[in-house]
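Okay, so chain A shows up in both of these, paired with chain B first and chain C after.
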Partner chain A sequence: MKRSYFALPYTVWMAILIFAPMLLILFYAFTDESAAGGVVFTLTNIIEAFDPLFTGVLLRSVWLAFVATAICLLLGYPVAYMLARSKSKNVTSLLVLFILPMWMNFLLRTYAWLVLLDNNGLLNSLFALLGLDKVQLLYNQNAVVLGMVYNFLPFMVLPIHSVLVKIDKYQIEAAEDLGADSLTVFRKVIFPLSVPGVITGIMMVFVPAITTFAISRLLGGSQFMLFGDLIENQFIFVQNWHFGSALSLIMLVLVLVSLALTNKFDKAEDGGRLW
Partner chain B sequence: MVKRVLKGSYLALILLFMYLPILILVVFSFNDGKSMANWSGFTLHWYADLFSDRMILNSLWVTLSVAVISALAATVIGTFAAIGLHSMRKTPKAIITNISYLPVANPDLVTGISLMLLFVFFGISRGYVTLVLAHITFNLPYVIFSVLPKLKQTNNQTYEAALDLGATPGEALRKVVIPEIMPGIISGFILAFTLSLDDFVVSFFTQQNVQNLSITIYSLARKGINPKINALSTLMFVTVLLLLIIVNRRASKEEARMKGRNGRRNGVRAFSGEKAAQKG
Partner chain C sequence: MGDKHLIELKNVSKTFDTTEALKNINLYIRDGEFLTLLGPSGCGKTTLLRLLAGFEMPTEGRIFMDGADMTDMPPHRRRLNTVFQRYALFEHLNVFDNVAFGLKIKKLDKDEIKQRVGSMLELVGLKGYDKRTASQLSGGQQQRVAIARALVNEPGVLLLDEPLGALDLQLRKDMQIELKKIRQRLGITFVFVTHDQEEALTMSDTIVVMKDGEIQQIGTPVDIYNEPKNAFVADFIGESNILGGTMLKDYSVRFSGRTFECLDAGFGENADVDVVVRPEDIKVVEPENGMIAGVVKSVLFMGVHYELLVDTGEFTYQVHTTAKYSEGQQVGFVILPDDIHIMRPSEP
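Then we have the complex of A and B:
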């Protein structure tokens, strides 16, 4: 028996459970139930998805994911940099400390902020001790962004760190020997070399941030809808699967396009890639 | 000197941001009284409540059993797939590898919805079986991509030598190839197991009445603060901590053994990166 046949069970599995479901999304997105009970081809789902009502939600999701990604980058880059350049013996344990929360269920991590930000929660009791008024901390955009940053920060630190530790230290020394001060070394040598890691980090934060529905539901409440919530709603409550599929298709295209753009950016370097 | 202090305090501040919320959950899991702001005395009764809560225990069982079954199945199917792929010609190999990337690149939400559409389209009622099928599906690529690099490192001549010495292809596979790629198979299994344990989004869409732990936590948290979740968080955090220490030990032991061979990555770091790709 030829060894390539070993992949046969997987190929069948893949065709049925990976490939066919994707085709079904396409099928549902471009069809609707006709009055007679049959299925008709239509573009109305896609057109309806571009209604300002829904593009508004999409834009808000993109914006919040963008803000969360930017904050993660600003907070995470220095962490990755310090860990990568540290000569301390404990640096591995420190790195593990930074990625450990990633291994805890993200719903529990989100719930932790629910506890902190609640109207009768710890932060508001602290405010009361200081003689301040109660502040509504939950159920707004800030709470959602905070939840995203908290959940996804390790995803930014990790890829940047793994690129930074691989930088050839002689390149840095060469720049220093040629008279560059530390800021110039960073600007002209270290940062450009770390760009692949930065891009991977951005994708690893941006994609989950733009697709989440649990974080926005728990910290943003039911009034505050993101694109992920919109899709979940269409499937679970409204049960309009044709429209839900159209929305999913738009999200999928958005994510795949950004992934393709990223791949274009770091073709040369494999350091920040996942595989 | 000033720089070092600044650096240290920045790292400490970020660590505080990451651990303080978890720490507060842990502390208040021992709080007598429902408040998450006022300490009213030490108690273990939330833990007692937790262990007598039928729904939580049941979802714990679902989570663990689905993780074991789906990780085992994905490891077996995925390992064979990797061996098959490794000896395939370029074009079919490229096609299958690229489709395998789909669940990795896809947002969880889309994977979950597409599987739900599949089950509904074929009139399969969504329950335990569909949950397991879905988990095997998203685990498979991770197993394949853990085993494939190991196969690339193996020397095909040892396999041929075994055949020349009279081993049947089955024996050669069992006694030569599989032992050589074992580290990759084990990594794939552990990765699949943890991904399955942690999954929320795909599970949410691929079952209707079989809640796993993530779904239970979600539905409880939506109703607001519940000290039982604190107790659960504490237990899960301790479990994760212990598991990670064990995995870390294993990885560093193996690293010491494998020193000198190229293509070897830091075990923990590789795991976390791969895990990260799946999250959201």
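Then we have the complex of A and C:
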């Protein structure tokens, strides 16, 4: 028996869970129901999806995902760096503390922010206590970005941390030995060596951020729609699977393009990456 | 090699948590010499090197370079460069950028960097390898890059931490010769760490033998080999027969049930001593012509010579001989006064 047969279950799994749904999306996106009740090939769905109404939502999604990713990187890198370089014995528990929220349900975590940010919520009560005016914290872009950052930050920290801890300490010493002060060591050795982790982190934050729909609905309110909400609406409420598929296809292409772009920046050939 | 003391360590100790890695080290390194720190693993030789490089701070004592105290100076400001045990080449940079690293930090002129890196790569025999990355090089080539990367900065001292440990025997021999050549051309002081006594003997001007964080002996390779100060040094440097004996009076020692003439004096009368005889210093003769006699227990062919284990009753001698003997054969030994080394017994 050839060894490759052992991969058969995996192949079947992939076919059922990945290729079949993708083919279905392709099929629905390029078809429509004819008046006779049959199925006809058409490009209308795709063309309609490029209506400014929808591209505006798409652009907003891309922008918010970009902002959230940037904030995650700015917050996550220092955290990952400190965790990686800390000599404290509590590092593991700190790391677990960081991952802990991920074990809770995603929606539950996001609902928790409602309680915090609501007009009569914890933060505003605190403001009132301090004699400050109430601030509208929910149902705006900031709340959505906050939700994204909160939910996806661990996905930025973990890959960067895992790359940073693997950096050969002798390479750092070699840099010091060759005359680099600590800032130069970071700039010329540590950061370049951590780039694969940064790339992975960016992908792992950007992709879910751009496709999210629950966060925007809960924290952004119904008036604040992202592309993910748009797709969800088409399937659940409008029940137009053909148009929903066309939108999904556009999203898919967008994600693939952004992955290809980030991969191009990642010059490292081996090691360091999560996959 | 001048007489100037380039580096001086005064009463240097280093303690990690509860382990004493170095105990009160006093040592000077002369300008231009090849000094080797030799000892078994865990003897503190690498710690000593890391103190010199600045990666570790001494718990006690001061380190001077060119007369100035550099104990608290961070590594990047020291005029020393290190060749690491596992080379520690920058994975994200190619050969040229690895070697140019130090020069770029000094913000030298681009053309000068190019010229100096080029000539250094030529010196280590890697001309034309500029664009390769570390993973595309063999162990020996990586080692050369590591050496070039350190030397291109024209350091006052080059520190080498077991740089040849990961190479196979033939490559190691070649690199030993090359390192010696490079040093002769550049005249830089080398501080070399190794646990390989043969490497230490062939390459060094001065050998510092260490054990358990303490210096056992400092001397030229010839001194260390011929006049080991104690049984540890004798055993670590080359092979030795070490046996207990009694110094009857000056120039007369008794061991193996017989009194021998020797060249040592000053131990007092009837003093317990350690006697060291090198295996190659024992001459094997017919049993009736020997000073002591024994039975050959085993014969090992070693290439150049045979290694015999000869049981004389109270001690089993290791003997090197070019003539072949067979197991069970009766043989006699002649040991000349010159070949008997007397030392104070090591502490139990």
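The criterion applied here is as follows: the second predicted complex is superposed on the first by the 243 of 275 C-alpha atoms of A that agree within 3 Å, B and C clash if a C-alpha of one lies under 4 Å from a C-alpha of the other, contacts with A are read in each partner's own complex, and residues count from 1 in each chain.
The rule we apply is simple: a residue touches a chain if its C-beta (ideal position, glycine included) is under 8 Å from a C-beta of that chain, and two chains touch if they have at least 3 such contacts.
Because the structure is a prediction, the values reported are computed rather than measured.
J.: Report for A:Trp63: first if it touches chain B alone, second if chain C alone, otherwise both or neither.
T.: neither
J.: State whether A:Val79 touches chain B only (first), chain C only (second), both chains, or neither.
T.: A:Val79: touches chain B, not chain C.
J.: Quick check on the superposed pair: does A:Asp177 touch chain B, chain C, both, or neither? Answer first, second, both or neither.
T.: Touch status of A:Asp177: second partner only.
J.: Between chain B and chain C, which residues of chain A are contacted by each of them?
T.: none
J.: In their complex, what parts of chain C are in touch with chain A?
T.: So the residues of chain C touching chain A come out as 53-55, 74-77, 80-82, 84-86, 88-92, 101-102, 105-106, 135, 149-150, 153.
J.: Enumerate the contact residues on chain A facing chain C in the complex.
T.: By the definition above, chain A touches chain C via 168, 170-171, 173-181, 184, 188-189, 192-193, 195, 268-270.
J.: Per the contact definition, I'd like the list of chain A residues that touch chain B in the complex.
T.: 1-11, 13-14, 16-22, 24-25, 28, 75, 78-79, 82-83, 94-116, 118, 120-122, 124-125, 150, 152-155, 158-159, 162, 204, 207-214, 217-218, 228, 231-232, 235, 241, 244-245, 248, 251-252, 255-256, 259, 274-275
J.: Within their complex, state which residues of chain B touch chain A.
T.: These residues of chain B touch chain A: 7, 10-11, 14-15, 17-19, 21-22, 24-25, 28, 35-38, 77-78, 80-89, 92, 96, 99-100, 102-111, 113-118, 120-121, 133-134, 136-137, 140, 144-145, 169, 194, 198, 200-201, 205, 213-214, 217-218, 221-222, 224-225, 229-230, 232-233, 236-237, 240-241, 243-244, 248, 268-269, 272-277, 279-280.
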